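Okay, handing you the structure first.
Letters A, B, C and D mark the chains in the order given here, with residues in each chain numbered from 1 onward.
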Amino acid sequence: MTAIAALPEQNATRRTERIPVAVLGATGSVGQRFIQLLEHHPWFRLHEVVASERSAGKTYAAAADWRLETLLPGDAGTLTVKNLGDELESRLLFSGLDSSVAGEAEDDYANRGCAVISNSRNHRMDADVPLLIPEINADHLDAIEEQKKHRAGYIVTNPNCSVIGLAMALAPLERAFGVEAVHVTTMQAISGAGYAGVASYAILDNVIPFIGGGEEDKIETEPRKILGKWNGRFDDAPMTISAQVNRTPVIDGHLMTISAKLRERVSIDNVRAAIEAFTGEPQRLGLPSAPKRPLHYIDAPDRPQPRLDRDREHGMSVSVGRLRPCPLLDLRMVALVHNTVRGAAGAAILNAELLEARGLL
Amino acid sequence: MTAIAALPEQNATRRTERIPVAVLGATGSVGQRFIQLLEHHPWFRLHEVVASERSAGKTYAAAADWRLETLLPGDAGTLTVKNLGDELESRLLFSGLDSSVAGEAEDDYANRGCAVISNSRNHRMDADVPLLIPEINADHLDAIEEQKKHRAGYIVTNPNCSVIGLAMALAPLERAFGVEAVHVTTMQAISGAGYAGVASYAILDNVIPFIGGGEEDKIETEPRKILGKWNGRFDDAPMTISAQVNRTPVIDGHLMTISAKLRERVSIDNVRAAIEAFTGEPQRLGLPSAPKRPLHYIDAPDRPQPRLDRDREHGMSVSVGRLRPCPLLDLRMVALVHNTVRGAAGAAILNAELLEARGLL
Amino acid sequence: MTAIAALPEQNATRRTERIPVAVLGATGSVGQRFIQLLEHHPWFRLHEVVASERSAGKTYAAAADWRLETLLPGDAGTLTVKNLGDELESRLLFSGLDSSVAGEAEDDYANRGCAVISNSRNHRMDADVPLLIPEINADHLDAIEEQKKHRAGYIVTNPNCSVIGLAMALAPLERAFGVEAVHVTTMQAISGAGYAGVASYAILDNVIPFIGGGEEDKIETEPRKILGKWNGRFDDAPMTISAQVNRTPVIDGHLMTISAKLRERVSIDNVRAAIEAFTGEPQRLGLPSAPKRPLHYIDAPDRPQPRLDRDREHGMSVSVGRLRPCPLLDLRMVALVHNTVRGAAGAAILNAELLEARGLL
Amino acid sequence: MTAIAALPEQNATRRTERIPVAVLGATGSVGQRFIQLLEHHPWFRLHEVVASERSAGKTYAAAADWRLETLLPGDAGTLTVKNLGDELESRLLFSGLDSSVAGEAEDDYANRGCAVISNSRNHRMDADVPLLIPEINADHLDAIEEQKKHRAGYIVTNPNCSVIGLAMALAPLERAFGVEAVHVTTMQAISGAGYAGVASYAILDNVIPFIGGGEEDKIETEPRKILGKWNGRFDDAPMTISAQVNRTPVIDGHLMTISAKLRERVSIDNVRAAIEAFTGEPQRLGLPSAPKRPLHYIDAPDRPQPRLDRDREHGMSVSVGRLRPCPLLDLRMVALVHNTVRGAAGAAILNAELLEARGLL
């Protein structure tokens, strides 16, 4: 059993009437993670699975090439896969769709009145779509009102997997002191590319200093929206970010070295105190998937490390360590995020929990 | 056969009277690499092997736990290991001594009149010891005169394995435009820590954001001496460097992401031209271990990569790629150095070749 | 959180008065696993930690270089480490001692009246010491009577990590049809060698066809005792085993290919039915650490696999797959055991649970 | 530079008029290896490259996604890719075609009068096609006469990559003592599956006890043909082989544990002497790609190992070690073959060299 499978049980008791949900892109790697995380969810119940025409009509067990360490939940396996575009009974949809189809399909379902909670990149930078990390910018949900002016439902997105780690590590600094500039080099896990995304012949005994799909661009732009403000429109946080990305032979867990320049002169001790005190809406509301502490500061000189620290709080916490001065900017640190849990499906589920707690579903 | 074993044969014909040399710390991982690289050297002939008391008196074959892919050279295997401190017949010594003993032992042999070509860190920052990369600062050899004032022989050192990659990548920029500030994150191979330095349980499916022995400090200071000037004393290059280091599950090859701020405004094309035109004394002199091109610029968007590029020119070239603007400083790039060849024993041997070509042996 | 940490909570409720236990060799890798598994144990309470003179007198937190993914249990961290040989308050001792000291120390404590539950190899083949796998040979505990004739306490051992996987896979075949001959090739995880046992430079991009400490000999002899009978003395099962062992770059989980010749002609279907029906005392008694099914037969053509299947039932189940005829012997199959859980500390704890359930503590 | 690139230069001087050759399936992983090995070949000159319709008409540099450590040979890069089925100028064809198309295409070119030297599996077991390992069964080339009765050209194949290692290790035993039964478990490298054949997410921190494409069946049947006799038809060697295969996280090099039963009682020393004395036609003829010793017996208790031993004699030698008695059959040993050199393209080239030396081209 992986750590995350038991996730929702810790914080909340099971409701008698759970909300039926659909997973779009259910056979892919993010889709499978959604189905794993929803198995014991106290508020949500997997009701429909949706995939491409090739899978439609089959049982989910037959259509999905299940790759996770936990067993395929029996209930999920017997569901018949629906075709993307079909009318759905669920009003709450989790999208793990490939970006080649997510843009249109998510718009379509939102127009039909659904709440689409998406992990795909297509709508993240839309002018009226929240790019949500509940601990950081819960107030960005106000943008849903803007969407409601032109359609029955709405879309809420979560950031890129690396961005969640970076934005979480920067959030307490931005809140307390302001962040002016950031240098980040990522060392990313292979699972970020999906099951067949990285050939073993490419990555064994190797590091690849490149990740496709505009990874560096996402890391340089998404945090500015996340850490920015909603005032009827999104005002980006005025920080400059420079990102260099690498793929490493690690299963799960994106590690990153960060240097940052703050807007105030402040001691390292004060920065650390801000990181350790960081908390947000999910913690206040006791959301089922919320970690007790969204950021774990680790004291050891050689941590965080992907294999040792990625599963903290069921993979929903970001770990930070090695906070120290930078000869060039103000401070340096190392951060780690579980890229397929907090950095993808777990993030979307936490987003949906916040929507439910706010009465927006 | 590894690439490097054939190294010296390409550039120079074998001399009839080769110079007898000793290797200090001969049983360690750097010592073994020295012995491998010297096997077919056209100018130098392995004459003595020196190690700690535990190995002294044994044959080298019995004392060394040989770990390289090539076979232990037969001639080397039959040598009797001498005790560190023993009087030696060789006047040219290669030192791969552990830093716990290198400081004193190298001083001692230099005082006795030997030329000590050291890979150890102890004397790198000494006021009269060249920290030599022949392509960059061959003129630093003038510092030997300063040493000769107080002892019969002298010490010449090569930089830390990561520093060689970084300094080589920066050298054409410093020469042409001046470098003001550098941000570097390294992803280093396990061989940098010696044979038993990194436990497999520590590094498999993992990255460790820390390397002991003051690695970050070396990367922030050594390049300033290397790229600086000798005017009777060493004047450091006036650049600021910020380093963050990581250990990755890679056998050989230190990869690094670099951001740099130049003293002049210059186009990326001009920077690239400077990198591609870079050459130095070893190339002009046709030294046996000199690569034809000390820097290889690779055009592919995902290169250099350790496994694919570390062996270029028998591991003696540094590879550079992904040159592009930086939103924060001026430019970004990726560099790769074979840490145990160009970054260690191969560097020391090239240093000795320069000394010989200059008539300093 | 790893799977195994939550292990005991599934099967049994916590007793108000838990039995105080000591861990011998507490700072080593098996010792750490003992402490992890005991954290929430419903029957046993960690009371004393014992290590070598070097650690004695320190707190456990200071003495142990904690290497597991779960955090060091707070209660354990504050215990003061006792010196091996000291008088202990606990009467139940778990031994993860190194074989260089285990022989004498375990005898000593058993003579003083303690129940010593050992993972070390020293006493496994003793004429009156059970080599226990509770699902297979619970009746071997009768040998304790023999020990009691000459000392106040007793020793019970568990087998070598690979042997547990092999013996579990063979047990239903031996019971139902008799096993005459076995060919086994193991592909073992690096954790079997302890934290620093396998250098990353030795195993990355590699397989090593050798494991020291008499590994092949253990695999060829221990199963014969385990599957044999106690009739006042141990009569070995009359089977011949040929073992070839390999170390692979896998964190946890020993995989093995097995060919076996049976004493009866029987269909593959019948063999499979015997494997799937296999159960034993721990299941009947509902012991806290007992897996529901000691053997999991997996239908997929490419399973079991270490990373996907090692954690089944918190690492306490052995997985079997690819059962098919053998052109040479009768049948072939693949088996997998979590070497540090079911194959080491978890095995010892299950042994102690059986002793407690039998009233032997 | 990899070891193999320089391969042909060691044994033979370059001919003034080299034979023009074509490579079928030139863009695939075996095809690329052919082109690498042919770069400096003294007898053969790459003249045409052939691939599927998708690549036809492009330059080879544009069509091939070059993945080897050495640079794409410039001459090869400028060739225009021909379409499979096109009329070719070359009469000697190396085939690295995928088995989905190899069967028909190779027949077709052989019918047109070409000598087709194939690494594909389709025709290996044909009644008149040699399954050639020149050290073992050079006389099987007589079967070409049989082919010539019904077509203008002919096909010669080399065995599966694992089979070459196994058959080479068994050949001296079969010759000297007769082999009755063999048990083999392979631990195979990822490169055996082609560039994208094994996803990193599937194999990192893992071993997979399965390889598709009938791998076990090939290992159980091909050696019997290879070690058998040609008497107007192929008579298989009367040995029984049981194979179990595994994929391991190793780049190159198939390792295997072998147990064998001989037809004569013989000492281990005699078996070893037979292995060390083994030689064949390629050595007698001094073929350009022939290793000096086709089998290397290594004395160390933990060898051969893939990373340390795969490149012996440019990857053309098979390494053997750990020869010792077997409690079940007669003897046990470990063998290693470089699967993409001696086990694939290098094997085919050696086959062509033998044909040329015999005047059959």
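Of note:
Everything below uses one rule, namely that a residue touches a chain if its C-beta (ideal position, glycine included) is under 8 Å from a C-beta of that chain, and two chains touch if they have at least 3 such contacts.
In this text, all values refer to a predicted model and were calculated from it rather than measured experimentally.
Fewest steps needed to get from chain B to chain D, stepping only to touching chains, is 1. When each chain is reduced to the average of its Cα atoms, D sits farthest from chain A.
With each centre defined as the average position of its C-alpha atoms, the distance from chain A to chain D rounds to 48 Å. Between the Cα centres of chain A and chain B there is a gap of 43 Å.
In chain C, 204-205, 249-251, 307-308 are the positions where the chain touches two or more neighbouring chains simultaneously. Listed in rising order, the residues of chain C touching chain A in the complex are 1-3, 69, 204-205, 251, 307-308, 311, 314.
Every residue of chain D that touches chain A in the complex is listed here, in rising order: 67, 190-191, 195-205, 249-251.
Chain contact summary for the complex, chain C toward chain D: residues 181-183, 185, 187, 204-210, 220, 240-242, 244, 246, 248-251, 255, 257, 259, 301-308, 321-322, 326-329, 332, 334.
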